[in-house]
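Input: one structure, supplied below.
For reference, chains read A, B, C, D, E and F in written order, and residue numbers begin at 1 within each chain.
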Amino acid sequence: MAQAVRVTAERIRKLEVQGARNVAIAAIKALEALAEETSAKTRKQFMKELKDTQATLFASRATEPLMRNAVRWIISQVENSGKENGDALAKIVASSSNQFLKNLETSKELIAEIGAKRIRNNMVVFTHCHSSTVTHLLSKAKEEGKTFEVVCTETRPVFQGRITAKEMLALGVKTTFIVDSAARSFMRNADIVIVGADAITSEGNVINKIGTGTIALLAHEARKPFYVVAELLKFDPATVCGEYLQIEERSPKEVWKDAPEKLEIRNPAFDVTRRDFIHGVICEEGVIPPHAVSEVILRKHPWIF
Amino acid sequence: MAQAVRVTAERIRKLEVQGARNVAIAAIKALEALAEETSAKTRKQFMKELKDTQATLFASRATEPLMRNAVRWIISQVENSGKENGDALAKIVASSSNQFLKNLETSKELIAEIGAKRIRNNMVVFTHCHSSTVTHLLSKAKEEGKTFEVVCTETRPVFQGRITAKEMLALGVKTTFIVDSAARSFMRNADIVIVGADAITSEGNVINKIGTGTIALLAHEARKPFYVVAELLKFDPATVCGEYLQIEERSPKEVWKDAPEKLEIRNPAFDVTRRDFIHGVICEEGVIPPHAVSEVILRKHPWIF
Amino acid sequence: MAQAVRVTAERIRKLEVQGARNVAIAAIKALEALAEETSAKTRKQFMKELKDTQATLFASRATEPLMRNAVRWIISQVENSGKENGDALAKIVASSSNQFLKNLETSKELIAEIGAKRIRNNMVVFTHCHSSTVTHLLSKAKEEGKTFEVVCTETRPVFQGRITAKEMLALGVKTTFIVDSAARSFMRNADIVIVGADAITSEGNVINKIGTGTIALLAHEARKPFYVVAELLKFDPATVCGEYLQIEERSPKEVWKDAPEKLEIRNPAFDVTRRDFIHGVICEEGVIPPHAVSEVILRKHPWIF
Amino acid sequence: MAQAVRVTAERIRKLEVQGARNVAIAAIKALEALAEETSAKTRKQFMKELKDTQATLFASRATEPLMRNAVRWIISQVENSGKENGDALAKIVASSSNQFLKNLETSKELIAEIGAKRIRNNMVVFTHCHSSTVTHLLSKAKEEGKTFEVVCTETRPVFQGRITAKEMLALGVKTTFIVDSAARSFMRNADIVIVGADAITSEGNVINKIGTGTIALLAHEARKPFYVVAELLKFDPATVCGEYLQIEERSPKEVWKDAPEKLEIRNPAFDVTRRDFIHGVICEEGVIPPHAVSEVILRKHPWIF
Amino acid sequence: MAQAVRVTAERIRKLEVQGARNVAIAAIKALEALAEETSAKTRKQFMKELKDTQATLFASRATEPLMRNAVRWIISQVENSGKENGDALAKIVASSSNQFLKNLETSKELIAEIGAKRIRNNMVVFTHCHSSTVTHLLSKAKEEGKTFEVVCTETRPVFQGRITAKEMLALGVKTTFIVDSAARSFMRNADIVIVGADAITSEGNVINKIGTGTIALLAHEARKPFYVVAELLKFDPATVCGEYLQIEERSPKEVWKDAPEKLEIRNPAFDVTRRDFIHGVICEEGVIPPHAVSEVILRKHPWIF
Amino acid sequence: MAQAVRVTAERIRKLEVQGARNVAIAAIKALEALAEETSAKTRKQFMKELKDTQATLFASRATEPLMRNAVRWIISQVENSGKENGDALAKIVASSSNQFLKNLETSKELIAEIGAKRIRNNMVVFTHCHSSTVTHLLSKAKEEGKTFEVVCTETRPVFQGRITAKEMLALGVKTTFIVDSAARSFMRNADIVIVGADAITSEGNVINKIGTGTIALLAHEARKPFYVVAELLKFDPATVCGEYLQIEERSPKEVWKDAPEKLEIRNPAFDVTRRDFIHGVICEEGVIPPHAVSEVILRKHPWIF
């Protein structure tokens, strides 16, 4: 296995790479490096290396379906290529990595185009945490000349909301910034809620940054439309088979650096938002109900299973 | 007007004194100081000084019913005393201040005794922010030999949850500490929610630290009993007359010290929890439905109006 | 029994007099006329006339608690007067009628003052049907220099919403007018809902113009505060004893003049709004939860039972 | 202490006496027996006997507020009588026992009269378990010539619903009988739900036969009015002080006679119905919201505390 | 472009043609007229004429998916025909127009057959506005010998409910007619709610006559099954791409002819009913959950995208 | 028609065979017997016998989709076989019966494997009635070494919960047993609810043992995940066409053996659980939202229609 793979896996585990997209891209790059460095001659040797790499990358983080799907897809391309010799197979890794990244980019553009249509003039858009897909969508709407405001939460413990706020200000969008627990007071004046996603389950639920489930409940209470913006490949095929997504817990230090010794600090990174609270999933296939995600996946990405 | 009054009013305005109880005690002390220093000879002169003091203290903070009720009560005692000379009236200020503080202490004890009965062995108690009345209740339960756990939120922006956590650990109670937006994930395992209050309205709603309304909604969603612990004198008589409690906004610096320039940071200190989410108000008169608070007030404290 | 009583009862029955206040005033005037015209010499004779009048007036309309309470109160004043001769008793009718009307006027003013405090600048106020108490409250708010908008429904079948719209325009208030079934679409932008009441039950429910229950449900769905504005004497003491308010059905002609022959047109004039949907009752005693109305009545108007 | 007291307490403990009314009556009879048999000469001696009796009776069953209030009332009458000699005090026990039973009877009649007004022709009345107050109300409605149907659940584990069914058939009322878990299917066609109560708490919640909370939730889901029929003296003053009503668990044999050995059978006799599900409490003071019960108690029965 | 197209577009814009079916049929007839009159010789010329016609028809009304889908389908048939000469292509317009109308008729029959199975004897069917698909379904049920009643709302501002009422009476069905805001009072006795649809979105929401969303909420509150009857081709493919259906506003004159000058009358013709309130969509493919509509469309009508 | 068919149909009608699986297996065995005994020579003769058998079996019980789908599938295999002679066709019955039973077994295993992943250590699993699929799933989880508890209801009137309790004890699982109406009290401590199903409709609703709908509502109230475990072939294709599943009513004797004569005992065997209460359907295709079941069926079992 290439050194690059080990390094990448390590960086993912240590949270030096963050965000579903970035983790997927890092894994793809690691596969590319492996393809470049490999000395495998036969298909058998090469496939073994790929499988080892897959195992290493999968072990680096609990819940990263986009990365896992990227790896699955590239390996499936190699498997189905019919090629037998190491070099030829390595080339397929390179070309399909390339393709995957291009598809990812196209998805992002499509999502921004589709989602931007939901932003109308004078809207107040509420968001939580930071999602590059969400901010891309909003910058698209801004480009199209729409006038809107954004309310964003600070998103403890790591304050990703500050990144969102800065990006919105850079776009010239009027931005209001609040602590997480003030969300209910500001939901009243929001017109739409848009958040990203880390994973989508076979039942149509969404895993996203801790606090998203509460935001969804607040939107539901206040009868505001709540949309999730996500590439279809955030779908986690393991959930079809009954696996329940494991919610990663991060370091207590993120929450309180010099906490009293005996204090138990719990720091789950994600929570689950039930499909009932989600008006629609805005993905590259359009705006669909979360209940239909697994059927759409089956139609568009049968290789995923 | 005594110097002490001006100083106290200033300290209250600058948030150097915090917490409904502490603000009320500071105001009482200021009245006592006034009574000591006054050179008023006649009832008329003395009442004028008292009324000026009242105006100054009331202007120091938007929503502080306990403090206001303390001042109202002491002045009503003076008014009803029938005394005419300055010295005699000053003595009444002193004695009724004393009485008020004693009553406040008794209320706190009664509330702790009553509320502690709701804590049963092996319970997980969820709380938000820091309330000395809540922690007193829990220490009472601990004294009585009960075993329970506490989950507390950090309570951004000023992290009062850390005070709660420290006090609980000092009592020897197992304590779990989470960011505010993880509340929904931990509500599932809670057995009871207990919070304090800054004010109670004529409709039976409760004003408390920002985020309390969300905690109440989460408790409601998860069918967990949600109790508010409060002295009856947190009732705000102005709400009977239709005044709506003004929600104080504090400095943006509390939220983000070096925020980008154009960013609008909103920092409301309180929110409203509707009576429908409140199982009971634990007060010195017992456990009552929030809907009945104004009737109980009328029965026990008719002077308040 | 005076001719005026019979005429008044007839006019009430034929709906020539409408609105709880107007019906009450008409009944009081009829009592006054009776007192003027009566030839009763003894207390016994006079009381008989009064009781007959009461029976006639009560029979004129199914659900008119304000009118009934007016009659009850005047008669109770006569009964408790200790006077024995017809003339003296007639004078008591006159003076207490006078007093009742004055109290009614005072209540209206108090309600307007209290309620106007709930109107803040830039609010959108949603209302249904026409209530002189509601429009008086809004004109008070306007007088106080507040800027607000009103959305009002047309209120089929008799279009009382048109009266509301005209009164609001006359005040210089920006007014939006919609059909009843568009209420849900416009609730989204409302900030507060304020309606009148025809009757309040012992359980705290409110009887008002058909459609009010739906408006309340829509406000609840959209988390908008829903207030009922009503004099306490709209309380119906018969409901304490289990009587269920009978919902009056009016002429099918109001709904469709030249309807097909076999069509069954149902035209209930009122519906019931459950207390759970009512944030507060704004009455002359302040803003109170609907659950407390019967206790407040007992305290303020014990003669009602 | 009289032998009768010990025997009665034993019979109550063994569930040989059942139903809140019957238990209260048995306790009163025991007090009467004590008064007859006592050899106490002085007030002090007599009061001691009474207090011992109270302790013995209170210990016989966990949650029996009506019985406890009966005992409290009779003792308070003795205490306030001013009499000093044993015989005189014993007579007061006799007369006040008598009075209490008479009041109990009057309450039952009043409740039946008030509640029967809620039964209208062609209604389907849904009830659960057996309550003599409920069946008395229904027999009253039948006497008044009303035509209605009853749906009753069998009420496992002891099948009290069979008693209700038989009583209804005896009245000539069309009766439908279902298993408890079919309640949701039949709620659809019900017009009103009426159940009894074992206890009412200071917060306005009702303790009644296991399953009542579910029936209330089903009524709420189906938007059917849910009424609790109860004498005010079912109020438990201990709940004001924070005591939580202990839910009695009965013998597993009631559920499954020859159960497998290791099986844990849980057989709670009661559950809690929250005030939000209760449209009204029909008591001797009228139809009141459950939220107001503690205020009404305070007004009518101040001796209870 | 044929004169007929311009005339039709004009009539659609002026609302002289109404109802999704009728508008679609008018557009098809216009296409047929164009095909008859065209002087286009080549495929290129003919396709240009078709595309112009499409643009003109699409511009005539904001939200008419059935008409748009009709035009899309006919044009797609022409495009895929492989024919090159004008005459041949014109014939395809004629034959496919014919086919579309026949399919529409078949769908209507299928929907009536499927839906009629949901009508059982003695049911009370609640409907809103007028939908020929709904009344066809009901007439089918009547033909099958079923006995049922209908409750219909008048449906302000244009009183389409009167058409429904007349059609039902003509069928010999007992019909109750109410104002829109009495819906909540009559929902209690309904057994099923059936309404039509103007459009279905990719998320599974339904656009229909103003007031439908409220009826759905009332049905939900009262736990009554709420069905939407619609041809699958009411699906709007633009919603997949994020377009939000624009809600057409009609003339204020419809609401109030001689309204005061400054009054703002808002007259939205439609509203949105969220999928959560819809038990099932009864379409030509059977009874399906609204969440599945977009998947079914994709399977049956891939040409739509 | 074979004697075996008549006997089997009779046994099914008399409820001597119970449970969806067992009924399906009995019907398959009857078809096999028919194939063995038949004297049909031609395809036409054989098909007639099969169709008669189908009619007889379908008539034996109202709602048995699994059995009906088994019969449908075997007949469709015969129809599509292209064989013409009786013997050859009979062999196809034998082989496809065999195949169906094998598939059924595989589904059960798959469901157990998938579902067992949802059981985590220390969970409290709540179930209702007895379902061999559910208990197989739990025994699988136990085999995998997981520690969990089970709460099961007795399930009146036939006490199938006792079978569940015995099976769980046999597995060595700690089991708590309660009466049906105590479910709400124990839902509080449950972590997951898992029940079986008798049928699934085209709208995604589930028909199961009476009481399941209430359990689902209770789980919803308490925010506990509610899963239905079912083979896809429990889907009832008739519901697509609008047929509403008829709820079978069983003998009143099951409820009360020696009931009073005039008492109407209603004993519906099943009720409907709406899709909104179902977190997921655990089937052989994975964990899917109930809304998607009809689409999955169409993809996997197109022959069903």
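Throughout what follows, a contact is a pair of C-beta atoms (placed from the backbone, for glycine too) under 8 Å apart; a residue touches a chain by one contact, two chains touch by 3 or more.
Computed from a prediction, not measured in an experiment: that's the story for all the values here.
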item	value
Chain labels contacting subunit B and also subunit D	C, F
Copies subunit D and subunit C - interface residue numbers shared by over half, same or different	different
Option reproducing the contacts of B-C, where over half of them reappear, out of A-C, D-F or B-D	B-D
C-alpha-based rotation, subunit E on subunit F, 0 to 180 degrees, nearest 5	120
Centre-of-Cα separation between subunit E and subunit B, whole angstrom	58
Length of the line joining the C-alpha centres of subunit D and subunit E, rounded to whole Å	58
Centroid spacing, where centroids are CA-atom means, of subunit A and subunit F in whole angstrom	39
Interchain centroid distance [CA atoms averaged], subunit A/subunit B, Å	43
For subunit C, residues that touch 2 or more chains besides their own	221, 276, 289, 291-292, 295
Chain contact graph, described as a line, ring, star, complete graph or other shape	other
List of subunit A residues in touch with subunit E within their complex	113-118, 120, 276, 279-280, 282, 285-289, 291-292, 295-296, 299
Residues of subunit F defined as touching subunit B within the complex	188, 221-223
Touching residues on subunit C, where the partner in the complex is subunit E	153-157, 162, 165-166, 169, 174-186, 210-211, 213-214, 217-218, 221, 247, 255-256, 259-260, 262-268, 271
Touching residues (chain side subunit C, partner subunit D) in the complex	201-204, 239-244, 274-276, 289, 291-292, 294-295, 298
